[in-house]
Structures are given as structure tokens and as C-alpha cells.
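Here come two complexes built around chain A, the first alongside chain B, the second alongside chain C.
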Partner chain A sequence: MSKERIKIAPEFRNIMPPEYRDLVDDATWGKVDRGWKDVGASKELIEEHSLCAGCPESMAFRYILSSLPNPEDTVMVGSTGCTSLVFPHVAVHNIHSLFGNQNAIASGLKRSLASRFPDQVKDVVVLAGDGATVDIGLDYTLQSWFRQEKFTTICFDNELYANTGGQESGLMQKGFVAKMAPVGKQFEKVRLPEIARESGCHYVVSCTVSKPSLVEKVVKNAVYVAREIGPTYLQVYTPCILEIGKQSMEGLQEMRDSEKPGLRFAYKEYVSPEAKELITEIATKEKERKAVAKAALAQSSA
Partner chain B sequence: MKPYRVLPGPEEFLPPSAASMGIRLPDPDQGHIEGRIVPEEEAMERAARVFLSANVPTIFPGPLVLWSWNEKAAKKATAIQYLYDAIRESVSKRAKPMLIPMADYRPKYPKINPEVEINPNHPNLTIWHNKIDACMFVGVHCHQANLALKIIRGGTDCFTIAMCAQAGHEDANLTFRDATPEKIMNFAGWIKKLKGTV
Partner chain C sequence: MTTTALIGTKNKKGQVYTDPNEIFFEAPRDASFLTGSEIIKEAIKRSSCEMSVAYPITPQSEAASLIGELFAEGYVDIYSRGASEFDVMSICAGGSFGGSRCFTTTAGPGTLRAMENFPMWAGSRLPIQVCITCRGINSPLSIQPDTLELYYMLETGCLIWHAETAQDLFDFIMKGFVVAEQPDVHLPIAVACDGFFVTHTKDVVMMTPDDMCLPRYDPYRSPVPCMDMECPPVRMMRDPFVMKNNYISYATHASWQQEVRAAIERSRKHTEVLLDGLIEIENGDAEVLIVSSGTAVSQGRETITLMKDEGFDVGLVKIKTLRPFPTEEIKAATRNAKRIFVPEFNVAGWLAREVKAVVEDNQRVVAGPHVGGGMTMPPEVVMERILRTLKADKEELSHV
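Here is the complex of A and B:
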């Protein structure tokens, strides 16, 4: 899709609901510097969501959507879970897969986009919960990494099946008792970031969404590396406040408490040598571009 | 068994798809009126009479024409505006023509604003709210049009017309097929021609 296509027919502009006019006029399509700081200042790519009040997943959605470097040419692939309640409100192309199939669908999609639009950059981003990524869809997740498919996989890790009332998932921490897992988890939390690294992912990060600047940085890196080199994986802690007995205002603190050094969501990152080189190169170019823009601004205001 | 006819509703909560009841699509240069295959010009005349006699004749343009995504879509938008103007000029003083967009197909929560838009997942809300008794779909993707047309037939008494760019819609009360800007203009011509006769 081209940005040129995001235009309302002039005959119908006055009858279009205002949110669509805002999307055309004030969204950040094609803006090089788009990022989380646009949240609240520009038209966001997510309308009112249908998640619970205070759900950290809604924060994660906002930061990720505002950080995609190329949203008009990005297709997101979702799966069953709380995330699938949000995708109908997202103004980015998206596909809902069967439960667990998301990485298989993304593989075919990325290949067909590359074949159909060889001269254009088309990004594919999988965004699914821990049940889809690690339990039901683990086979497809791993196989896409083994095959070095060039797309980003983002896992919203809330450590259980939240959408269906709190069943045990592979990413649940050992000993945790959930509403529908009364005995408590008997096994350790699956170490998917390490598995991702060993399976061929070139950029792997495990973090929370408490720091929007960090989310923006890792999302952009993951998309750029996936675009040029190979698979990337982000695992972000988006606690289900209902299932862990927290109030709406306590999601952010829960994430901060879980990311302290030594705890299970302390920031972890793996970058392959090729990815490191690419990220450095992009950062250098970005610095130069900003310096030029700053100089031009200074010159114009002088 | 009595042949099924695609009549305005309210038919029932879950009306059958017209195709499953033996209604077939028209061939090129044909349309259907309540399931009966007719020459296209006959369908044009009937549709024009329906709009001219309606209290709230309404056009529902869909994303394929609301967004200026290619030259043909832009021309169709111009033709639809021309048709709407023709309807406004030709209907009686008591009638209140409307142009309401179906901007996209996402189910909207908590609900849509029926005064400004129609959503294929609950089109009846817009029709009930505005007391629409005749409407035309144009530029709506086929699968969404089928869904919405069936819901309208199920729960409202609105007469539905489909100006379809593909093969037409069995589930509309009246359908055209292979819609082009010229065909939309021709329909506007019928509206003007029959002005004052209904």
C-alpha cells in the first residue's frame, strides 16, 4: 500500500466520520521520526480498545504501533487471545490466524509480499500472546526461526491464558496459582528468549513495557533486523492485572517490580554480529540525518 | 413449494441466504427485482421509482468508493455524488435523502453513531435510527454487502438496492451488476426522467 492511497474521495470528505478524517490528516504515516512521543499528540493507529481498564497490553499496543517504522506497508499477524480483541480497532493491515498458526501465516505472507512487491519494503510483524507463541503454536514459531523467515515475532507474555479465565501456560512462572490452575505451576517458565537465540533469531529482547523509549528502540531494531537479516523475537511482559489480583492503576508498578535486576523480566538482549553491525550502521545514519535536520532548522530560524 | 422472493422484511431473525432458496444472479445487462431476473433497464426504472417514492432514500457508499485509491474509484465517487444530487432534486418535499458512509468493516465498540455511519455488522441500527425505507449499497465488498443485506432484510422493512461492481447480490431486493461510473450516471438519468411521475 502506498501513502498516496490513504486519501478520501473529495466528494465524501464532509460525510466521513471524524476519526477517519483525523487518520488521514493527523496520523504519522510516512513520518521518519514517528515514535512513542506521538502518542496523544498525533492521531494514533488504535482507536478505543476493548481491553480491561488499565491493561498493560493496551500500553504495549500503543507504544508498538507508534514505533513501527513503516506502518502503511506493515502487515501484522495476530492470533487468538486478548490481542485479537484489539486488532479490529487497529489502523494497520492485520490478519487473524487460527490459534497458534501465526508464524506459519506470517512466513507465507512475507514471502508472497517479497515476490509480489520486489521493489518495496513490506514488513510483517507477528503479535500474539504466550499461549499462541509458546504452547499451541510453538512448532510454527520455532520452524519459522529455523527457516530464517524475515519477520518479527512479538509475544505479549502475561504468563497465563488470560482471555479464558486463567489457565496455566508455558510462560507461567513456577509455583504460580491461577484461577483455573489451582495446584500451581509445577515446572519452570519456558526460557523462550534463549530458545529463540539458539533457533537462529538475530535480535532477541525480553523486557516489560514500563519504559516507552526502550520499547520504541527494540521494536525498531527488531523490524529493521528482520527486514534485512532474519528472524527477530521480542518477549514483553504485559501482566494481566485481573488474573494476578491487581487494580487498574497497578499494572505499571507490577512491570517495574518485575524488571529489577535478577528478576524474571530484567532486560535481556541478544544481538547477532550481523545484526549488531546493521543496528550500528542505522544509528550512525540516523545521527547524521538528525544533525543535518537540526542544522537546517537552525539556518531557517536564523 | 412456492418460489422464494427476496422481499423487504422484516423477514425473520435469521433469514435464509437468497442463493440457498434458489435465487440466481443476473447475467450481464440484466438485474434482478425481488429475485426475478429482468433486463437491466427495467431494474433501473423500478429502482428509480422506489427511490422517488421513499421517505428517506439513502445511498451507502462503501470503502471501495469512499477512498480515492485508483482512477476508477475517483470517477465512481463523482458519479455517486451526481446521483445523490439528482435524488435530492427529484424527490418530493417531504422526502429526506441521505448519504451515509460505510467507512470500513471493523466491528466498532461500544457502538457506532447511526447518524453518521453504517456498519455491516449491525446495519439495522442506522436504518432504524434514520427511518430509512430505501437504500442503495455501492462500493461495498461483496462478502460484507451480503452480510449487511441479509441483516437488513431480516430486521427492517427497508427496500435494498445493490449497485454491484461484480456479479450482483441475490440478497438485495434489487440488484445491478458490473457497476461503472456510466451505469451510476444512467441510474441518475432515470431518477431525473421519472421526476414528478411517482
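Here is the complex of A and C:
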């Protein structure tokens, strides 16, 4: 857990791209307290992105990346869609293979890494859109949960196919008029968080990304639970402002409006008993660590 | 430690990691009388295969189950059943991205269900091996041998080797890993055999000692980074390859497609040594030649004997590798033939098209006979086709 693996030989330092030097010098890898507050301070947390201006996905991406507890040993698996336009900027190994097979890829990857590195923690995190997770890839999403594969699945729910121009998706609200739903979507939004719970996920959260500290907390919990217990699922609302007729600066408000009590993105959580125990244990240790650090700081300044 | 450094040491099952050349060319071989499915198991047992994913479909189900026994015995590290062939091939891709040697099997409709994965494997430079035990793909449902699915495989970017016998299957599986994993190749490989004819019949196979196994796969000899975060991540792209319409995107994809095909070509030099050439020639000076692959070769051999009894001199060219296609070898081997027959176990005649595309004066090529849907191809049928053609040739000449 360090930057050792990316260190540049002194002889080559001057010919390495500035982005790489920055990754070595300033990346948050190995920093115990890394989190959403590092966004903007270091290039590896997506300084630039290739999404639309103001896209909430770009916020979500940054919060998630900054919240990974073990980025130097994390591999991300993406899928086709807007997310695949950001992954090339991400400073962890990431795989894009096909549209919808992300949870099958992650299954093989996690098992391979667990077998090759039995004494090292290697986290796998899937990050894909709602089309990839719930429509074309639903079979592979569910099968990986049934099999209790130990990785986290994060779905960027923008309630439509954004990258192809705003077509109906399974997570779209009933009645919404979109391309391929010319008279409005005819059936309800698929209730994947509930299906995830019934399919064996140990930690399930549905929320927006309006509150970065909340995103940080659930991402960390999801990764820790997946590492130790079994599959976890996060469904985060990242509205496609372009396709729902909003302006660039209106994404945050759209999320706030959608997460009010009783609305479809009001915070929902399911935690299995084993996961609850683990999260409590980690929180206790974290509290102790912070107390020790605080005491040490007080002592050194005294 | 590199995997070659492990040579001479033992794995957890007591097998000695051995230089492939020693296994293939120096080690003693013993005769065994086994089915093709059992042979697949025996080859995998000696291949230091780390991961295998299974799914039932006739006629490969038995082989896939037998690999499960290897897992239970500790010869294979990771094994499970997938949810479909698409799932299986993607799980294998994940395993290979993670640096494991992966093997799986499929057949017929399974190959087509999995199809989207194969060009992805090749484009991602994943040296996964899939054993295709060919069967019909059409509706109404057929489980019988038919090689039509290989037509669909030809341009996926995979290496494709076509076994005639169980002996070929044993050798091709083990040697396939070695060629596919070369740093200048590093591509998936499909080792095909004809379902039932090879998988479900018993044959004598000369096997290498089971206390010797191939060196493990070394993912750090790959031309692309292994996705295990053990080497620096690349995040330097300003624009993903798929973005917008621009010449960089076109050029990137076009050159990568060419590179995959170039890698197939680069596999020749490794394959020639291990398989003793991409083709095998029997009685090559004959004016009538049969050119074929898979079990059609065996039927061709029977035809030669039958025709000899009738006073005709017929030769044979066996094609071992469909990709790379032995273009120059076939050209040279057929240069003096007056007639070239390409018998096939499929209705499309894809091998005849391939042969016609490379030989000079290609009206010499007769596409057929073809049998489909699981029919056998008695040598009499091949002989009848040859005699009919030769008779027509003679009549045509007499009219001149």
C-alpha cells in the first residue's frame, strides 16, 4: 500500500509526462484519511473529464475514486456508456470489455486476484450505468450476486441511455417520455435495490450524490463489506441533465429535489447482520485510530 | 519470481514444472485408450491451468465436468459453472485480465451465444483457450457434429487450430497454451475438434508423463498490462478511443485490428516448430488431392486407400491451423495437382472458400462433398465425388 510501484527511476524523471510525475508526487494513494475532501487537490482524482459540463456523473466519479480505501490495489470494471468516457482518465487499472458483462468480468478478475495474491487485499469495484447493470447486463449482475462474488457493484442511475441519446431504460420512471418510449414508459422503474437484497447482497444503498460525505461513507462500507463478506450494491442517482432538459448548473438541485423523503431517491439502505457487525467493528477501530492520532498531535504540539 | 524460474520445481500436486520442449519432444510417451473428453482432461492436467469455467452443452459437457474433477483434486486452482456461455467467456476474460491461465469448452449454439466475447478477447490480447467441440447450430435443434460454427470464428482474431484426432486434441491443447502466450502473439486460441467423432469415441493416444506440467503463465510477459495493479496504471489518455468522430479514433482501431492479425501471423514461427508445420502432406505428388481439416481428414485418408484399390492415385493435405491460414504451404502443396477436393462437415463449404482464395488456378478446387446436420461422410461418398468430377473432366476434354 504505497506509491512504491509507480516510482520513476531518477534517470527517466525528466522525460515522463507531467501527469505521471503528478501521480507519483501528489497522488492520494496510501493516505489513510483520503476522502472526498481531496477532490480538486490532486490530478489523479479526475482533474479533467470528458463528460458534459455540469454532469453529476463527474461528481460521482470523483467522490467514489477519492473514497476507495485501497486505490493502489483496486481494479475497476466499467461498461459501455458515459462512464466509459471517464475511465481513461482514472489512475487505477480499469477494464472495459463489452456492454453488460461487467459483473462476469469482475467475477473472474476477483477470483484470479484472490488466487494469485492470497496474502494481499485486492479490491474489485464495478461501475456501470443503468442500461449495463439492469437491462443488457441484468443476468450477469444477478448471477454474480447469487454466487456471492466478493466485489462491489455501483450503478450510475441516470434513468435512461444517456450516451446513445436518451432512450428508455429499465430504471426510467413510468410514464417518462423518451426516445423508444414515445408515449411514455409503460412499466415501473425496476426495483433493483430490493432485488439486490433478495439476491444476496450484504450492503445495499440507494441515494443521490448530492452529499459527498455520504457517498464517501457508503463507498467505503460497500468495499469493506464486499472484501470480507460478499457482494454489495450501490445505486446512485446521477441525472442526465442534458436529456431531462436541465441546465449545466442544475444537476445538484435536481438530485436534492429527488432525494426528499418519500421520493424515489430518498436514502435507502439494507445491511445484513454480518455486514452490520463488520461496519461497527471498522467504525470502532477508526474512532480509536483518530483518538490516538489526535492525542499524538496534541502531545507533539504541547 | 518468473514462471520459467520455477522449471524443475514441483507444484502442489507433485508435478514438475518442465520446459515445454522437453515435455513435447524428449519425454517418454505412454499409450492410453481414452475418449476425446477424457483426453481434454488429461491435457489440462498437464497444462498448469489456473482457471476453468464450465457450462453444460452437448457434446462438451463431459469434458467440462472432468475438469471440475481436476479442480477437486487440486490440479486447477479456480473452477465453477457459469450462467451461460456469454457469462463463461466473460468470467474467463476477467480471470485472464487478472493474470490467470484460463481454459474453457463450448460447442455449437454455445459458441454463437458467446460470440461477442471472442473478438473482445483478441482485442484485449487475452491468451484464453477455448476448446470448441463442433456441433450443429441450426434450428430445428441438433446436437450432432457439424463444423459450421468455425465459419463464424474465422475473423474473430483468435488463433484457430482444428484437431483431426484425439492425439491432435491432446497435443494441440498443451501446445496451444505455449503459442498463444508468446509475448509477440498473446492472443486467444480456439482448439476445435468435431463433436462426438472425437469427443465420444475412444482412441489410442500417446500421452506425456502426468508428473510433468507446463510452466505457469507469466502475465508480465504480456504486451499489454496485466490488470492487477502490480504495474503503473495508465490514465494518460485525454480522449477515449471511442470518442466522437476523429481520425485518431479511426487510426487507433484500424491499426489495432491490423496488429491482432499481425500477431496471428507471428504465431506461425512458434506453431511450425511445435506442430511440425501448419499442414501435413500424404502422397503429395498425386494429381488429385484432398485438402481438409478435422475429421474430414480421416475420411480423406480412408478415401485414398479406397481409390488406390480402384487404381487411382490420390493425395492429401491436412490443414492443422485455420488461423493462421497456411496460405503459402497450401499453394506449394497443391501447385501440381489437377484437381483439389475439399470435403467438409458443414453445408457452407467455408474451407473450400478459404482454399479457393489462396491457390492459383482455383477452378481446380471442388467444394465438397459436404455433409451436414450430423451425417457421417463415408469415404465412398468422397470417392464418388472425385470419380464423377474426373469423368466430367475427361468428357470435357474429349469434346475439345
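Convention: the second predicted complex is superposed on the first by the 292 of 302 C-alpha atoms of A that agree within 3 Å, B and C clash if a C-alpha of one lies under 4 Å from a C-alpha of the other, contacts with A are read in each partner's own complex, and residues count from 1 in each chain.
The criterion applied here is as follows: a contact is a pair of C-beta atoms (placed from the backbone, for glycine too) under 8 Å apart; a residue touches a chain by one contact, two chains touch by 3 or more.
Since the structure is predicted, the reported quantities are computational estimates derived from the model, not experimental observations.
In the superposition on chain A, contact of A:Thr83 is made with neither chain B nor chain C. By the touch criterion defined above, A:Thr28 lies against neither chain B nor chain C after alignment on the C-alpha atoms of chain A.
In the superposition on chain A, A:Ser199 contacts neither chain B nor chain C. By the touch criterion defined above, A:Phe117 reaches chain C but does not reach chain B.
Of the two partner chains placed by superposition, chain B and chain C are both touched by A:Tyr20. When the two structures are aligned on the shared chain, A:Asn221 is found in touch with neither chain B nor chain C.
When the two complexes are superposed, the chain touching more residues of chain A, out of chain B and chain C, is C. When the shared chain is aligned, no partner comes close enough to touch A:Thr152: not chain B, not chain C. In the superposition on chain A, contact of A:Ser210 is made with neither chain B nor chain C.
Legend: residue contacts after superposition of the two complexes on their common chain; A:Tyr140 is shown touching chain C, with no touch to chain B. Across the superposed pair, chain B and chain C both touch chain A at residues 5-6, 17, 20, 48, 50, 88-89.
By the touch rule above, chain A contacts chain C in their complex via residues 5-6, 17, 19-20, 23, 44, 48, 50, 72-75, 77, 84-85, 87-95, 97-98, 101, 104-113, 115-117, 122, 139-140, 143, 147.
Chain B makes touch with chain A in their complex at residues 61, 65-69, 73-74, 77-78, 80-81, 99-101, 103-104, 106-110, 113, 116-117.
Interface residues of chain A facing chain B in the complex, by the touch rule stated above, are 5-12, 15-17, 20, 47-48, 50, 88-89.
Residue ranges of chain C in contact with chain A, taken from their complex: 50-51, 53, 77-78, 80, 82-84, 86-87, 90-100, 102, 116-117, 120, 124, 225, 227-233, 235-243.
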